[in-house]
Amino acid sequence: MLKEHCSVVSHTCIADSVYELVLEGEMTKQMQQPGQFVHVKVSDGLDPVLRRPISIANINQEKSQFTLIYRKQGRGTSLLAEKKPGDQVDILGPLGNGFPVAEAGKGNLAVLVGGGIGVPPLYELAKQLVSKGVTVINILGFQTQGSVFYESKFAELGQTYVATVDGTHGTEGFVTSVLNNEKFHADIVYSCGPTPMLRAVEEGEFAKKVYLSLEERMGCGIGACFACVCHLKDDPEGYSYKKVCSDGPVFRAGEVAI
Amino acid sequence: MLKEHCSVVSHTCIADSVYELVLEGEMTKQMQQPGQFVHVKVSDGLDPVLRRPISIANINQEKSQFTLIYRKQGRGTSLLAEKKPGDQVDILGPLGNGFPVAEAGKGNLAVLVGGGIGVPPLYELAKQLVSKGVTVINILGFQTQGSVFYESKFAELGQTYVATVDGTHGTEGFVTSVLNNEKFHADIVYSCGPTPMLRAVEEGEFAKKVYLSLEERMGCGIGACFACVCHLKDDPEGYSYKKVCSDGPVFRAGEVAI
Amino acid sequence: MSMLNIDLPGLSLKNPVMPASGCFGFGKEFSNLFNLDILGAIMVKATTPEPRFGNPTPRVAETPGGMLNAIGLQNPGLKKVLSEELPWLKRFDVPIIANVAGSTEEDYVQVAKEISHAPNVHALELNISCPNVKTGGIAFGTDPEMAKSLTQKVKAVSSVPVYVKLSPNVTDIVSIAKAVEAGGADGLTMINTLLGMRLDLQTAKPILANRTGGLSGAAVKPVALRMIYEVSQQVSIPIIGMGGIQSAEDVIEFFYAGASAVAVGTQNFVDPFVCPSIIEELPALLAKLGYSHISECTGRSWKKVEQFAHHRA
Amino acid sequence: MSMLNIDLPGLSLKNPVMPASGCFGFGKEFSNLFNLDILGAIMVKATTPEPRFGNPTPRVAETPGGMLNAIGLQNPGLKKVLSEELPWLKRFDVPIIANVAGSTEEDYVQVAKEISHAPNVHALELNISCPNVKTGGIAFGTDPEMAKSLTQKVKAVSSVPVYVKLSPNVTDIVSIAKAVEAGGADGLTMINTLLGMRLDLQTAKPILANRTGGLSGAAVKPVALRMIYEVSQQVSIPIIGMGGIQSAEDVIEFFYAGASAVAVGTQNFVDPFVCPSIIEELPALLAKLGYSHISECTGRSWKKVEQFAHHRA
């Protein structure tokens, strides 16, 4: 983990309020697992105060570059959206434990299920899985046509389904509609997205191995403040816990209570 | 008075930690008197919270441009120093009542006495005085050679003396040393600078008419918050008062207690 | 139909946004910038029986996300407020809330009695919470019994409704709120400033000549919200909320916490057009959030769902 | 010769900079980032007799210039702290200040008694001021008599000096400070967090699951400074100051107000290297300001000039 001023290589609006930010920095070397995240200070000084957790969407070791894809929503991401190529961004990372690529064997079928801003980390995951010979199917859920991004990039890596809530693009409805309709017989499912979606993926038991990437409001991002703690699934009222930032954000389905 | 986003035309470091910032904006039209100031929001959001008062150093009506000259010291002026040509700066102005040019008649001798960051407003003043036929002598005080700015610009407008505290440039000592040595027989003295300097200028009685530009920590800059109030000289313990921001910043010597 | 009109004791407000006392003088400076008619009301500067010069300068200091002030209730005194400041404000169609201050009970009673008869004064704001005045002042705001007794005395002489301005510098703000309600207060305004200080790095001395001052601005917003949330659930008189409001979003947050109207203080110094801007932005924001009137937002964080039965499809 | 070493009851500090309780866990996470030996001390997370999960999430919310937390004293419990966390910390040459919490007097006494015997615990910090725990907790910190009695009981069983951590959510912090001094406290730490809240614009509900939380970060700095300024003039035990410290300049400001050492909380989340950075920058800053030792800064805003006779040419 490093704290580093990374420089902006490119910054592009790729869908309604969705930005692709390519950064260059030493910390790229430490990025191994898809699903890890970085903690971003969007401005110097104290407006806003806290860092923002953003998943690593793509890693380019040769160029020491990595990509973040984020939705502009509150003050933090709005300020981040103002960064221009050449600007420096204060980044802490890589943080957390990502998706276990090793759990999918060569020739296995992996289904990747992403919702909204949960889609980005699945891209690096798909890349790494494909490069080790895993067959990948991507199911990507968005609100509406205008918010869809990276569809063709995912399509290059495997069969890709898109669902939109309002039906303006792809299947109408949720990613679970696709999962329920298609019966993929996946060896492993990896998922990232809003909590209700993760719950549905967990309950659907679409594969024996299911890995979920969780979201929680964070303070430190490194395991020191206990902001992001969740209960274990088999001890929902007890004292045992996991920290989303440092034990996760990826957990095996059934490990923690979501 | 307007609240306007003015655009940066140029921004130059003209002495140690001293910057010349040329801005373009509609509010230039309203700038008449030298010695008025603008209230500058150096960054969006709340870091820092308050505006910074900076005197208008030069007015260019044809181009709708005006110049600020400031010393980078705390957080506000440091952030201001980062602005680049083309950037927008949120400005409230022009504010306050400046130096009464009308008080100097054609053919009069006006002595302008400035100290450090009190020098800038005297430049526009000298320009306006000279253009109406007043003879101008400028006495400019600085800490050291590296902080001297605008010496040749002032010299174009009238005889110009520079004093530095450490003697590295011009006369060693304070502006009052020059005033005491030279015995100018001025018709009018205009002065801006640190309070001890203003006090010395007031006590020296170097002319019948003496005008002083005061500095005080400000909130609103428009007369509403009562942050910048000073006592009247003839009622130093009473209820009567003047507001530096809206009654001043320029007062006739003897009007307010400094 | 307006989404913003609010009726409070003594106050029939076009909209619930008003400048906070001490941050708008008696309105003159701002009248050069916009028509004061558009404001919900104006809380004018504190008035004391005699003129006051206030504290020596520096009177303001900047803090992270906020500012300190130690103006010390500078004002021209009751007589001049009655003969000059308030009459001047009559040209505007806007209710005035007169901020009443003093060092003794008699001071408050005298000011309240006389100022409440000014024709454009629709309500009083009893400032029992100014941290910058040495005698009295803050003590009234920190002791429930004193606060109650003062409220009663002022109520007895006032011809208009009385709002009591609460200090946040207390262990238990609910007990003060309940005491002034019991004393007959028609409403509450909260919060006044938090007591704070800054030191100068070079001199090692306090930046403010008065040493300590009142903290205001965005930094105090979470404290204001918490106190309004606590108090609004325990009293039945309305609350005019303030403390760090900068935007229409902030206004809604104060309403959710329990406010029925709001005042904007410090932000007037940063953006003198903040009140008109907020008033202009509120209807669209309310519509976006699904409300048809701002009153639906009051106390929404703690009121039972049934109380909002008619809202949303 | 060091410009930074400070001796306090039980604590012989290389430098007066330490992470604040709850903002540094038990040090493990930060030990991957820098050598903990360089710290003046470590204030570890609150320990209660039994393990606590704490409050539901969300537990943090951002505020202007600060943040709210409602962690709820999550900790592994006294037994595990004694058997795992503290022994692990022994690899570092740094004094530990154990933060003692609980819901009842017995809780505090039990934790204090046992934890004070851990070999690397050099002092206790009695947390009578956590705003996020429902039973007890904050009440101890707001009532002088309770605070004094608790201090006495803890002092009676503790084998190391006891620092009492004061809550800022009180009308009169001086009276609490004097009470715990009278109860035998060896020092004070201040301030804990200010009670605050934020509401969610979409849902109208509090952002924190616990509804209210503790405000920390730069926003509270002026309140912390004011309280340290007031208390340091009225007690003769040393104060470890905290509340919004982000830089070496802030540290000096806290010393001027009256602190003899400082702790850094929230800023560790923004910049995990903040403590080492401050420690590195302090000597140059002190030299620039004309001091030869940081102890010359303590209370400089209010101490008489003669007390500093030997300073400066």
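By letter and in written order, the chains are A, B, C and D; residue numbering begins at 1 in each of them.
Going forward, a residue touches a chain if its C-beta (ideal position, glycine included) is under 8 Å from a C-beta of that chain, and two chains touch if they have at least 3 such contacts.
Protein names from UniProt, one per chain: A, B = Dihydroorotate dehydrogenase B (NAD(+)), electron transfer subunit; C, D = Dihydroorotate dehydrogenase.
Worth saying up front: this structure is predicted, and the values here are computed from it rather than measured.
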| item | value |
| --- | --- |
| Given chain B and chain D, the chains that contact each of them | A, C |
| Centroid comparison with chain C (C-alpha atoms), farthest chain | A |
| Mean-CA-position distance for chain D and chain A (Å) | 36 |
| Averaged-CA centre spacing for the pair chain B and chain A, given as whole angstrom | 55 |
| Rounded Å distance between chain A and chain C, as computed from the means of their C-alpha atoms | 46 |
| Distance between the centres, which are taken as Cα means, of chain D and chain C, whole angstrom | 34 |
| For chain D, residues that touch 2 or more chains besides their own | 63-66, 217-218 |
| For chain B, residues that touch 2 or more chains besides their own | 46-47 |
| Chain B - residues contacting chain A, complex | 43, 45-47, 75 |
| Residues of chain D that touch chain C when the two form their complex | 63-66, 68, 142, 169-172, 194-199, 201-202, 204-206, 211-212, 215, 217-223, 225-226, 229, 244, 249, 252-253, 256-257, 289, 297, 300-301 |
| List of chain C residues in touch with chain B within their complex | 22-25, 28-30, 32-33, 45, 51-54, 57-67, 69, 71, 74, 76-77, 217-218, 246, 266, 268-273 |
| Of chain B, residues touching chain C in the complex | 1, 3, 41, 46-51, 92, 216-231, 238-239, 241, 246 |
